[in-house]
Amino acid sequence: MTAPTIKVVDLHKRFGPLEVLRGVSFEVRRGVVVSMIGASGSGKSTLLRCINHLETPTSGDVLIDGESLCFRNGVDGERKPRSLAEINRIRRNLGIVFQQFNLWPHMTVLGNVVEAPLRVRGLPRKQAMDVANACLARVHLAEKATQYPARLSGGQQQRVAIARALAMEPKVMLFDEPTSSLDPELTEEVLGVMRELARDGTTMIVVTHEIGFARDVSDRVMFLHNGLIEEEGPPEALFGAPKSERLRQFISKHLR
Amino acid sequence: MSESLHQALDLSLFWEYRNVLLHGLAVNFYVFAASAILALLVGLGAALARVNRLWPLRALGTLYVEMFRNAPEYIMVVWVHFVLPLLLSYLIRSRLEFNPFASSVIGLGLVYSGYFAETFRAGIEAIPLAHVEAGRSLGMPEWLVFRRIVLPQVVRRMLPESVNQFISLFKATTIVSLIAVPDLMYDVTMITQQEMRPLPLYTGAALTYFVVVLAGSSALRALSERWRAKIYA
Amino acid sequence: MGNWQRLVWNQRDALLAGLVVTIKVCAIAFVIAVLVGLLLCLVRMYVRPLRLAAMLLIEFFRATPILVQLLWVNYVWPAVFGWPDSFFAAAWAALALQSSGYLAETFRGAIEGVAKGQREAGYSVGMSPVQVLWRIVLPQAALSSAPSIVNQFTVIVKSSTLVSVITVPDLMYQSQKIVNVWYEPIEILTATAALYIALVFVVSALGKLISDTLRRRYAISAV
């Protein structure tokens, strides 16, 4: 039995006196789409950022394909925290799409997408360009390759961000509220791309407010509250017959 | 080198003359105060001209600001001191000579009025039109809208930038030593010619300005931050 | 009054020579200021043991008036350090010192102003901290500080009028010489003032062009 692609083990995170994650554990297997929903402050963004180590967990571990992201076994068998270089190596397998897109404004669209394959993976120039162009085509933005991000709409910028993450051929794609910064008319173009990715078998963890998307596209939904997974299961079960009162209230507030 | 370094840092000579030098520093402050007032008043006027409805006023304001904002302080002070009296003499047909203190204040005041005009203009244009319209729709006359709604916000918004301009202006007052106004640098130069020991004197002057400007700017910034925080908290 | 030809036009060779010296002094001072400012900024931000020293130097260069710095560099430095060995060198050194303090702070603001998300995006695709600094942070900091850098050049040009005090034969010096010879200041001083105003105007127009392009093409705002 192969190791799950992502395994989160008893993750805790505190910021000073505030404990945001109080012991979260779950597994995601290859090709599965997991949505994380919950109110603001429930810890879902923090959880995602701990998975790719943009935040360092206070305790607990994250395993990518069985390999620990946070620790390694020292010479004497002791567990030691990983160095930044090792963390970088492992987290190349995770792609992340941010709420604020975070496209690099001083590079063209193509420049943004080709930067990591070229300079991080070290691919030869032609191969890197091919990968980049293919990813841009996949998000239907091939014609914008030579434009600067400033000229693109929010939805287009976010799609470029998705292409940029895809260009590293990650094992898992993480999405941190990808449509929360977008005007309503623009969310659908991004959700559409995400639906296609799911259909193609991409392993995805999506933090979102879009209940419709969570219901239609996910294989599994997790409802977070106060730093813990309160309820978890297939969308039909979670949305059709929510067990907790809080989840019921959350759904009625957010369902459009 | 260490002998000279020791000489430079031996500020006892500087200390000896402290009465004269302190008086010189006071002259720097007088020039600063007078030109600051002139710069603020004229700058505000120029800013108002630049945002006025009538295009001739706008054009005049822009011309004024571009001319004085881009002028080096030194040449402006020299020009006001040597050229302006002659020009005015032709007009009133009698000999006119400017007192160097007056020339400095006018010269520096005009140059910095250009900077302040730009600062005020940016501040005025940043006020949301909605605030002005709210005042107007309550029946406020234009001048009252300006005095009670626009100006207070402009002052608060532009205070940090204005503090920088004031510090710049204070530093620029050292120029007046070059047209024989007895400020700190003038005194230092005179004493150097007498004592023939430039090292401690110029080093002392540099350290004095360092302390004064640093202390003054920190105090000004702290005060302005506290005042602004009342609204922007 | 109508002596423009005699006093200004006929003197154009001397004035031109002065203008050339002005431009030379300003150009050298500008380049040195950018380099020293960048060095001071990086030391202040990234070299812990030297932080306080860098901060003190930056504040010292910013707080002392340019005239004071000119005289100090010209009279005190040769005795203590053995350099500058010429008035010209003292002139560009003092001008560079003054601007380097401002530029150091400008660069610091620009580097810190690059949004955290930009760095995170870099780390997330596996870039090392050095790569993130070199490919993401510094280019954006350079772009956003460009208008301020150009503005410092106008400050250098305006301050350069003072180098005549240490007998550097710049434009100001030449026109003052002409005034001393002919005793008729109106035409020559007005022409000199106009020349300086025009020079500064051109440079600041360039600066405005740069910041407009930045905003339009990259949506990067000046720092």
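Per-chain residue numbering starts at 1, and chain names A, B and C are given in the order in which the chains are listed.
Just so it is clear, a residue touches a chain if its C-beta (ideal position, glycine included) is under 8 Å from a C-beta of that chain, and two chains touch if they have at least 3 such contacts.
Quantities reported herein were computed from a predicted structural model and do not represent experimental measurements.
Engineer: What is the shape of the graph in which nodes denote protein chains and edges denote touching chain pairs (line, ring, star, complete, other)?
Structural biologist: If you draw each chain as a dot and join those that touch, you get an open line.
Engineer: Which chain lies at the heart of the structure, taking centres as C-alpha averages?
Structural biologist: It is chain C that sits nearest the middle.
Engineer: Could you tell me the distance, in whole angstrom, between the mean C-alpha positions of chain A and chain C?
Structural biologist: From the centre of chain A to the centre of chain C is 46 Å.
Engineer: Could you tell me the distance, in whole angstrom, between the mean C-alpha positions of chain B and chain C?
Structural biologist: 20
Engineer: Rounded to the nearest whole Å, what is the centre-to-centre distance of chain A and chain B, using the mean of the C-alpha atoms as each centre?
Structural biologist: Spacing between the chain centres: roughly 55 Å.
Engineer: Of all the residues in chain A, which ones touch at least 2 other chains?
Structural biologist: Within chain A, no residue contacts more than one other chain.
Engineer: Which residues of chain C touch chain B in the complex?
Structural biologist: 1, 59-60, 63-69, 71-72, 75-76, 79-82, 154, 157-162, 165, 172, 176, 179, 185-186, 189-190, 192-193, 196-197, 200-201, 204
Engineer: Which positions of chain C touch chain A when the two form their complex?
Structural biologist: Against chain A, chain C makes touches at 115, 117-118, 120-129, 131, 135-136, 139-140, 143, 216-220.
Engineer: Can you list the chain A residues touching chain C in their complex?
Structural biologist: Residues in contact with chain C: 52, 54, 84-85, 88-89, 91-92, 94-96, 98, 100, 102-106, 115-116, 119-121, 148-150, 161, 164-165, 167-168.
Engineer: Could you list, by residue number, the parts of chain B that touch chain C in their complex?
Structural biologist: For this pair, the touching residues of chain B are 1, 4-5, 7-8, 66-67, 70-76, 78-79, 82-83, 86-87, 90, 171-175, 177-178, 185, 189, 192, 198-199, 202-203, 205-206, 209-210, 213-214, 217.
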